[in-house]
Amino acid sequence: MSIATIFEIVLAAVVLGLGIWTIVVRETYSATVGYVAYGLLVALIWVRLDAIDVALTEAAIGGGLGGVLLLGAAARLRDSEPTVADAPGKAVRVCAAILSALTAAALAGAVLVLPDPAPTLAPAAASNAWATSLANPVTNVLMAFRAMDTMLEKVVLLLAIIGVWSLTPDSAWGGRPGPRHQADPHSVLVFLARLLPPIGIVVGIYIFWTGANHPGGAFQGGAILAAMWLLAIMAGLADTPPVRSRWLRLVLIAGPGLFLVVGLAGLLFGAAFLSYPPAQAKPLILGIEVAMILTIAATLGLLLAGAPERSARQ
Amino acid sequence: MSGVTVFGLCAAAAVGLGLYGLITNPQPLRKIIAFNLLGSGVFLLFGIVGRRGAAAGVGNDPVPQALVITGVVVAFSATALAIALLLRLFQATGSTTLSNGAPPGAGSTPSGG
Amino acid sequence: MTEFLTAAVGFILAMLALGLVSILRGPGDADRMMAAQLIGTGGIATLLLLGTVANLPAAIDVALTLALLATFASIAFVKKGLSSLEADGSASTETT
Amino acid sequence: MSRVPLLAHGTGDMVWLPIEESNMSGSSGTPDANAGVIAGGFWWSATSRAAWFVCLWLVLAGADPADIPAAAAAVAAATWTSLRLLEPRTARRSVRAIGQLVLLFLYHSVVAGADVARRALDPRLPLRPGFVAYPTRLSSGIRRNVFTTLTSLLPGTVPTGEENGQLVYHCLDVEQPMVAELAAEEAALVRALYND
Amino acid sequence: MSLLRDIITIVAVSAGAFFFLAGTVGLLRFPDTLTRLHALTKADNLGLGLVVLGLLPQAASLRDGFKLVSIWLLGLLAGATVSQLIARAARQGESAR
């Protein structure tokens, strides 16, 4: 057994231990903290699997933003721990344990008997990369070969934000999401919220831009930008925009809208829906991605902010 | 046993853990967390298969990678929607129990994905 | 060289795990808040070493993302922690 | 807990004018707080910050002419945000004193790490934890935040907030001469950045 | 030349790992929240700094070296500010009890 394998066993054990902690610990808040740690550490496994693009996404969206979303909910719901009577009985627990163990065992078996040169689409993706002149194969798949998925995923983001907003009470319709955060202007939190966002903006745009040729892309960059925006909001230096604002809605539909327009143009003038003419593929993809990073940053930030709670005049 | 296999077993265990938590934890927020854990395990399985299929100078098959990236974003959207529903329920009724006399923990998870 | 660096990664990771055990055990919220901070430093060190071992220069970018997002998570911890420790005051208050 | 006199570096008496912080005028003592100088200070500050962000971009992405559009967008957005979040101000800075501050800071962070390691690994666990109040002369706000951030890496101290205008530090060992060390750090900081 | 670089790397990374060890021992042994915070911020920051120092000779280019240093600086800024936030929360939690 080599040193590398021992390291991998340690990493898997740490991540699995955090997963167990997340499920079995009694207090919800502790479980949430465990999940944040889990999300941040899963990025290490992805790096080890040589999937840097996914590692970036998992660190930014899975661990960072997702963890913070759950953490905020846990803090708000803190006093509503259920009574013991709610918990399922022993029979249900045992059945659930057996079912879960069987599922896990089946999946583990599938992993163990995986054929060694597994079926792969990597050569196909690599041999068609010329069509877009982008060097990052993952971006190629996302933006060209499986562009339909990516477009529909933007629509899912849009639907999610519509779903969240539709939970607004009548009194706050069209208003601003979340409470107005107030912090002592001399506190360290505000100090950090003044220093960090500009750095985060440069890093976020860099991660986005480098995605054409190296690991990175609009999701990861957008998530970083959203985090910096929320940091300024949490420190009381900025406020969430009112939901009825026109420019906000424009930004929210810019990404999927432009994607759809380019797709339809491909249907009318080119070979198929969402086909790019090879000569203009790179500028078109970059244009869509610029619209997408704005949409993603705004949507992720607003999803974390939640349903509007205050009237727009506030 | 190669490193990929170790992570594969870890992913399978994460799926099992998530499933167990999803069924047995009475609190909706815990169910959401368990659901996310389950999803993360599934994504890792994709990563394992992609790693096995590494070829053509790429360390990991880009197609499963792209699917996982899409999946992470969709899972995040579903989680955000579920949490918004949960907070609204708490605001409206002052409690977060799903069971209103119904059998506890029966399949009605709020995680919309 | 590669073996040495891999061993160092495993060691730092094990230390990170032990630290997490100690932090997650509690007793208070303030202890748990340190989790993101611990992963911020330990995870970055692990990623940087891993990137050098596996010759993946892009791992540095993951470390950069982790540095920013772990800070963000820490602040979210503190923000929620404060709002649950103090009924009012500098924490988030709703003004209508 | 005596207040240690600040080391004056040839600029005569130290006068603390908190109003100076916000209106971005030049150094104290020269009557040039008119609109032109304010605008000049603003542009100088914007340019210097933009230069920092250009450096950050070059470190991250390298110098490639194809990157210019993204770099320009990133630098412009970052500079705009930075100017919005953190109002520009000027104070007399001394490059040499900044260098000394950086060296002092590096030295302190090494000593701090070694100090914690020694205490943690010592079987007797030599700790005498407690709180120490430190009366700082720095004005409340950014300056005090910079000071607490620097001193949070001093050996054995973590700032835990303010009480009655004094900074409250938690110390691993209350018998160490904390206040003198903090005063030395404050003097170095004032020499480097806030020598107005 | 290559040997010298490798020696620097081995020495610095070992020292960094030692400080991570010390930080974890401190976390496990120190009695209360605030003393543990000392262990976490000081020892781990120095450990990260030494790991970065050790990786500098292995960096492919000057730019990668600068990148490593800037990640360390970012970690330092985050650690120094976040530790104050946690310390404040811990002190208030103590006085509330």
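Details
Should a chain be cited, it is by its letter among A, B, C, D and E, assigned in written order, with residues numbered from 1 in that chain.
Simple rule for what comes next: a residue touches a chain if its C-beta (ideal position, glycine included) is under 8 Å from a C-beta of that chain, and two chains touch if they have at least 3 such contacts.
Just so we're clear, the structure is a prediction, and the values are computed from it rather than from any experiment.
Chains making contact with chain A as well as with chain E: C, D. Ranked by distance of CA centroids from chain A, the top chain is D. Taking the mean of all protein C-alpha atoms as the reference point, the chain centroid lying nearest to it belongs to C. By C-beta contact pairs, the most connected chain pair is A-B. Separating the centre of chain B from that of chain D, both taken as means of CA atoms, is a distance of 44 Å. Averaged Cα coordinates give chain A a centre that lies 35 Å from the centre of chain D. The distance from the centre of chain C to the centre of chain E, each centre being the mean of the chain's C-alpha atoms, comes to 11 Å. With centres set at the average Cα position, the gap from chain A to chain C is 18 Å. Residue positions 4, 48, 50, 65, 74, 188-189, 191-193, 195-196, 199, 203, 210 of chain A each touch two or more of the other chains. Touching two or more other chains at once are residues 56, 60, 148-149 of chain D.
Those residues of chain B in touch with two or more other chains are numbered 59. Working note: touching chain pairs come out as A-B, A-C, A-D, A-E, C-E, D-E.
Per the touch definition, chain D reaches chain E in the complex via residues 56, 58-60, 62, 109-110, 112-117, 119-121, 125, 127, 129, 148-150, 152-153, 155-156, 158-161, 168, 170, 172. Every residue of chain A that touches chain D in the complex is listed here, in rising order: 185-186, 188, 191, 193-195, 197-199, 201-203, 205-206, 208-210, 232, 237. By the touch criterion given at the top, residues 3-4, 6-7, 10-11, 13-14, 17-18, 21, 25, 29-30, 33-34, 36-37, 40-41, 43-44, 47-48, 50, 52, 55-56, 59-60, 63-65, 67-68, 71-72, 74-75, 78, 179-184, 187, 189, 192-193, 196, 199-200, 203, 207, 210, 214-216, 220, 223-224, 227-228, 230-231, 234, 309-311, 314 of chain A touch chain C in their complex.
Chain contact summary for the complex, chain E toward chain A: residues 74, 77-78, 81-82, 84-85, 88. Across the interface of their complex, chain B is touched by residues 1, 4-5, 8-9, 12, 15-16, 19-20, 22-23, 28, 31-32, 35, 38-39, 42, 45-46, 48-51, 53-54, 57-58, 61-62, 65-66, 69-70, 73-74, 76-77, 80-82, 86-88, 92-93, 96-97, 99-101, 103-105, 107-108, 110-112, 114, 116-123, 125-127, 137-138, 140-142, 145-146, 149-150, 153, 156-157, 159-160, 163-164, 167, 217, 219, 300, 303-304, 306-307 of chain A.
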